[in-house]
Amino acid sequence: MMNEVILIVAIVVAGVSGLPGLLTLRDDRSGERLATGLITLAGVLASVAAVSALVAESPDELGRAWHVPGGRFGVHVDALSAMFILQIAVLSVLGAWFGLEYWPQRDHPQNGRKLRVFYGTVTAGMLLLVVARNGVLFLAGWETMALSAFFLLSTEDDKPIVRSSGFFYLLAAHAGTLCLLAMFAVFEVATGTLDLDAWPAALASPLRDAIFVLALCGFGLKAGLMPLHVWLPGAHANAPSHVSALMSGVLIKMGIYGLVRLTAACDAPPLWWGETLIVAGAVSGVLGVAFAIGQHDLKRLLAYHSVENIGIIVMGLGVAVLGRSLGRPELVALGFAGAMLHVWNHGLFKGLLFLSAGSVLHATGTREIDRLGGLLRRMPLTGLAFLVGAVAICGLPPLNGLISELFVYLGLFRTATLNDPTWLAGGLAAPALALIGALAVACFVKVFGVVFLGQPRTPDVSLAHEAGPLMLVPMALLAATCVFIGVGAPLVAPVLDAAVAAWVGTAAAPLPTLGELAPLLPVSAISAVLLVAILLAGAWIVRASRATPPPELGTWDCGYASPSPRMQYTASSFADLIVDLTGWVLRPLSHVPRLDRVFPSDASFHSHVPDIVLDKMLIPAFSIIRRIMTWLHLIQHGKLHIYLLYILGIVIALLFWWRSM
Amino acid sequence: MPELVDPILVAVLVLNFRLLGTSRLRTAINASAMQGALIGLLAVVMHGALEPRSTFIGIVAFIAKGLIIPILLNKAMSEAAIRREIEPYISFVTSLVLGAVATAAAVLFADRLPLAPEHVGSLLVPTSLATVLTGFLLMVTRRKAITQVVGYLVLENGIFIMGLCLHDAMPSLVEVGVLLDLVVAIFVIGIVINHINRDFGSLDIARLDTLKE
Amino acid sequence: MLLIALILLPLLLAVAAFITPSERTRPWMVPVGAVVELALVVLLLRQPGDPAAFGGWVVLDKLGRIMLPLVCILFTACAFYVPAYLRLRPERPNRVFTAMLLTFLSMMVLITISHHMGLMWVAIEACTLATAPLLYFNHNRASIEATWKYLLIGGVGIALALLGSFFLAYASLASGLHASLLIEDLVRDAPLLSLPWLHTAFIMLFVGYGTKMGLAPMHTWKPDAYGEAPGVVGALLAGGLTTGAFMSILRYYQVCAAAGEGEFAREIMVVIGLLSMAVAGVFMVGQRDYKRMLAYSSVEHMGILMLGMGIGGLAAFGALLHVINNALTKGALFIAAANIHRAFGSKTTDGVSGALRRVPISAGIFVAGFFAITGSPPFGPFLSEFTILRGAVEAGRYGVAAAFLALLFVVFVGMGTTVLAVVQGKTPADMPSTGFHDSVGTVGPPLILLAAVLVLGLWLPSELETALRAAALMVETGK
Amino acid sequence: MNYINIAIHLALALALPPLALGVINKTKAAVAGRLGPPLLQPYFDLAKLLRKSTVISQTTSWVFLAGPAIGLVTVLLASLFVPLGGHVAPLSFEGDFVLFAYMLGLGRFFTILAALDTGSAFEGMGAAREATFSALAEPALFFGFLVLARASGAYSLTAMLGPTVLATWTAAGAALGAVVVSWFIILLAENSRIPFDDPNTHLELTMIHEVMVLDHSGPPFGMILYGASIKLFLFCALIIGLIAPLGALDPWLAWVAFVGLVLVVAVGIGLVESMMARLRMTQVPALLIASCLVAAFGAVLLVR
């Protein structure tokens, strides 16, 4: 009971954290400091509640009557909610501290206070969402989060691109909410109540497939599964960076939380549930990373990677659901542990990447990676943070990405060795995951190489300066956590076991612990050895570079007459091979200059990869519908006597309809 | 004197066609006034002179529909200084034919409805429906604002005829309320008409379609 | 006794307002009248049972116990906005405006408590006539045309309703009963009514009062009327008059249900409800005038009320709850829209941008109202629309539920485009400032209305819930 | 007993690889009718490079030197997972094939970064090609692991390439054959052998690996060459594990047979290189995708 009370206090504190700021003057710093302090307090309280729930799970929930049709104020912190609460707390606190320097009140008098108000409400919405045990409370938390995220997104609403991407986000969020409304309505028909404890009964009723499909659409829209990801790139690219970190790290995980809570209650889900999740995950993963490679905007690229990582998480979840329908506990343990750990990992390294991208944007003022270059010399610490994030997101050893992908790999390989028909889904998904990993390496090598290495391509970089301590400390903390999870995997295993147990529920057979299933000790040993080796290599580099005389020559360029930094490989040239290979799905657009005059005049080349679902399918469809509707406006033509004819017409129509009855 | 009911109703039907045929505003207004007066008379005749309530209603209706409203309309017309209904949306002949079709439809529809014993033979319900449809026709096909108001009046007359059958359902207070509303409505419409005339320069409905999507 | 006072008091005040010479003190009579009226209503509500007057013509029954306070609360909120608004419009004489407002209040009250169908008809007709001068307050070509259309279409609608009432009365006459238009008599001998008359009567009444409600396809007057009227008049119409018309249709539905023909009525309601939402959706996409957009939003929500009532059971309770939520939210939205119109001098999205920067509180209310009216938690309309959806799914009408959600999304797209274009962005230089700023008078009332909607979204008082369920039961089963 | 095996494993992994390179060059020379460089030439090159001084470009940062260092470290660690000559690998646990692949991935990550750090168009070209082609090779590798896992029912390299391989040859030889073909193509691609990339050409339009290391010199360049040779050796070991199940022989005999087989495979690679010319750059993805499909076909074969 105590956990719930602490958490409710945390929700309230987070919710009001931005309000005192409203009363202060436009450029007074006390408002933002107070807001960050309150958010930190809320984060600490929430973490305390989560950790104590993980340690000693209290079965009873805090239930109060809530006088709303179908509503009940039921709040319960169990291991599953605790996993998500910790992540929300960590990222919102670090994001708030980052925001102190990244979005100071004096530089943004117009929207600084608005940002902090809604930063608090989005955190409160998420915290409420993950512990709500009643449909109406869940929807209240869900929509508070969705609307506050919209206002956060459109902070700089004087830019048209921000307004349009904000509006796409709002439409997707609203469509998602409508799907959830339908799901809860069908849920209530199946179980007679709107309390989420009645999930098992709902998932045993004949309506369970309808509930699953509606939930998949509603939660998929928020999580950003491939065909439903349309709002994600625009939203994350145009939001302030610490908001993008919060959204990409945590907000889209609320969709995953929904799917997790849905599948938690089902003892023997139909086979096609698990397979749909695996296939959806694989498609989202591969297409997500393929689209990411084609991007030239730093934050859009990271946003597409969120789609890819959500794909991996959903693949893990699919394996777990498949395990439950086939009655294979090791699949359940591996798949779900992989999914939950990747939820945490992605929150950490995606948050780190977005914060470092924010510091680059803060320093250079542009997100266009083809205009940057050679930033490592001017911003060494941000560069290092981005590198750690990049290595982690590609799932390369010694960092945390590898551990969760290892679980998913083992899960997929174990499904592949079954001899009933499901092996194909698992079998094809494993090489797809390998393709995702390799393409991620290609993509992040491109980004790090083009942005941080080589020579500066445009003067934008010359005024770049290293970020201040308030921005570097959150990044350092995130990087340290990534390394800690990478090397200390066995320490994390018990928490994952608790989560798996909570997910399966007490009724199921005792599950094998992760230690037996996955090689945690050898992996962490190797990661430690690798880490030591890298540190030694670092020491050797420092000694070697100090020993050799300072270089005074540039790179040998075959004696070219007048080399310029713009001759370096840019993002589009680096990704050209892969974009051509996947051209049939990416449909890249490139503006190639036509050289038709004798003497060469200056020409410009521009290429970009439009989002296939949004730019090729939704926008044309919407414009056609819009044209039909504006044509239909003719029936309001302003002629009074025709209006009267409408009234006469409807009376006669109803009379005839009555006669036909 | 119930036997007088049917001739009056026939007269009302004839007036309907008179309204549909005429192109001059003054004739239209007078015809609708006459129709109103006839209906007032009908109220008195229907339940016998000795019935106090219905005669009172009849007299009030006679005064309201026969005198007050035509005066208001004529005043509005004179201010607008127009005499003749310009070419309506459909020619007068077609509107007469449509009027006939409407009356036939009204009669057909009326005899499908079971009537109370005292009204079985009478023309009350068909005439009421026919007059309502004629009112609709006038409002839909004419282009002049005042003709549309006349159409509205004819519509009200039709409904009033229907009201007469329900002698005791409508207490006299409510009946007077209905008539009062009608008079005030025409009064307000009169004011609106001369404002239209002042702002739009003419009462042609075709000008009145600036508000559209 | 109280009932008679309720009706006559505002009329007296209207006459007093018409007589008082000073342009400055007259507007204050409207809030005074409203507060006194509210006090009387509170006293009346405390009386148990169904207080009656005029020999049973005027009775406060279960349905009245919901509609009467709602109308008075909405009118009081709008009344406190009127003085501030009229101070902004010194060039317009407000003698007729204030008088007609008070008459409007009196007639609205009469509608909610009249039990004689003829009397209710007279009240609605009087309301229509009282609204005409309110619509014509701006005295320009557009408002005269809007008034003309409002009067004529409304007139034809009301005439049809009168014909319908006569048909209903004749239904009892045709089966040899004593014809009467009192709701108690109609309900008592409903099973014996002759069916053809009853059906024809219901169709005519539904179309007649549907015209006053603004259901499609009889909605054509609404965008012109609400688009040209001052915001506060739009609020009163969208929240008050449409609610009154809805109540009258409920009366006749009650008679149909008592006569066992509820299924027939519900079928019409569902069809017309969905048609109204569809028409509203079509017209909101690509709509550039935000006042006309609010008018179409009103058409949509009337459709939702009809849909809820048509589905019945839980959805009927949802519909009645939605009447309250819709009226209050529409009040806030219309007044906020009026403030934005005052601040920018233009009603279309080309003439207005960045309202959040110029009139932050009004624009804030406008956005919050938009999220409320499109059914986002934590606001009231979410609960009622969710209840209607639950009712639809429970009744097994999955097709209707799916259409309901799809149309809600289309409306959200249309409305979102307009509202966000008005509210977001930077105000370009070519939009001159009209010197209007948020003041307590212009912003207080909508804030109170929005706060009420937020409270209704978070906590539904138990006695309100029981009153709503009782009213829904009364309408559904005729008892 | 296994301490000795581990010692031999490490000794072989560290000493043998340059010899394999020497054998390949000698085979190519012999087929071309030339005398060719001595067998131990790679050892001499490494010794020479360790003594030379390093020249670093002005544009580079610490990443330039990190590339070779991490490249070598990762390949050495990766060698711990591969079972040589049917013996148990020093480190074998469930899922070590994932670690093996991702360890090589980390090495490739930093090598490409080092190439991009020089800031010249040539290294950029090489880096882009390396990233693309390795991305296409990865799925083929994992299809191979899938086939082995399904055949052996185990999830560690030692168990996969262990005793069950003989049984699988008899049961579903075609599947394993497909994997061998696919892995041999992957070997040629990953180690920049002829059909994909010419190790001793210097024409930047055609190079992949050579152009990435264009700017390196001194000991770092030595590390790169040594790392590349070990990587080649590891891939040969994988293929040997597939084609010749040495688990059944007596341990000492197995070690000798293994060394012989490595040289045989080296000769094989030399023959392939002399017979084929380098493919056009646009053809390379097609070949890699073909190898991936062959491995996938192997997996489907197993199901039937």
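Note that the chains are named A, B, C and D in the order they appear, and that numbering of residues resets to 1 at the start of each chain.
Heads up, the rule we're going with is that a residue touches a chain if its C-beta (ideal position, glycine included) is under 8 Å from a C-beta of that chain, and two chains touch if they have at least 3 such contacts.
These figures come from a predicted structure and were not determined experimentally.
Participant: Treat touching chains as neighbours: how many steps, at the fewest, connect chain A to chain C?
Facilitator: Step count on the best path from chain A to chain C: 1.
Participant: Is the C-beta contact count larger for A-D or for A-B?
Facilitator: A-D
Participant: Go ahead and note the Å separation of the Cα centroids belonging to chain C and chain D.
Facilitator: That gives a centre separation of 78 Å.
Participant: Between chain A and chain D, what distance separates the C-alpha centroids? Give it in angstrom.
Facilitator: Going by mean C-alpha positions, chain A sits 36 Å from chain D.
Participant: With chain centres defined as C-alpha means, what is the inter-centre distance between chain A and chain B in Å?
Facilitator: Roughly 69 Å separates the two chain centres.
Participant: How far is the middle of chain B from the middle of chain D, if each middle is the mean of its Cα atoms, in Å?
Facilitator: Using C-alpha averages as centres, the distance is 100 Å.
Participant: Residue numbers in chain A touching 2 or more other chains?
Facilitator: 633, 636, 640, 644, in rising order.
Participant: Of all the residues in chain B, which ones touch at least 2 other chains?
Facilitator: Answer for chain B, listing residues that touch two or more other chains: 136, 139, 148, 208, 210-211, 213.
Participant: Okay, what are all the chain pairs that touch?
Facilitator: A-B, A-C, A-D, B-C
Participant: Can you list the chain B residues touching chain A in their complex?
Facilitator: 89, 136, 139-142, 148, 205-206, 208-213
Participant: Which residues of chain A touch chain D in the complex?
Facilitator: 373-374, 376-377, 391, 394-397, 402, 405-406, 409-410, 413-414, 416-417, 423-424, 427, 430-435, 437-439, 441-442, 444-446, 448-450, 453-455, 517-519, 522-523, 526, 529-530, 533-534, 537-538, 540-542, 544-545, 548, 551-558, 563, 565, 567-569, 573-578, 581
Participant: Tell me, which parts of chain A touch chain B in their complex?
Facilitator: Those in contact with chain B are residues 633-634, 636-642, 644-645, 648.
Participant: Given the complex with chain C, which residues does chain B contribute to the contact?
Facilitator: Where chain B meets chain C, its residues are 112-117, 128, 132, 135-136, 139, 145, 148, 152, 155-156, 158-159, 162-163, 165-166, 168-171, 174-175, 177-178, 180-181, 184-185, 188-189, 192, 195-196, 199-200, 208, 210-211, 213.
Participant: Give every residue of chain C touching chain B within the complex, in rising order.
Facilitator: So the residues of chain C in touch with chain B come to 116, 118-119, 121-122, 125-126, 129, 132-133, 136, 140-142, 144-149, 151-152, 155-156, 159, 162-163, 166-167, 169-170, 172-176, 178-181, 194, 196-197, 200, 223-224, 227-228, 283, 287.
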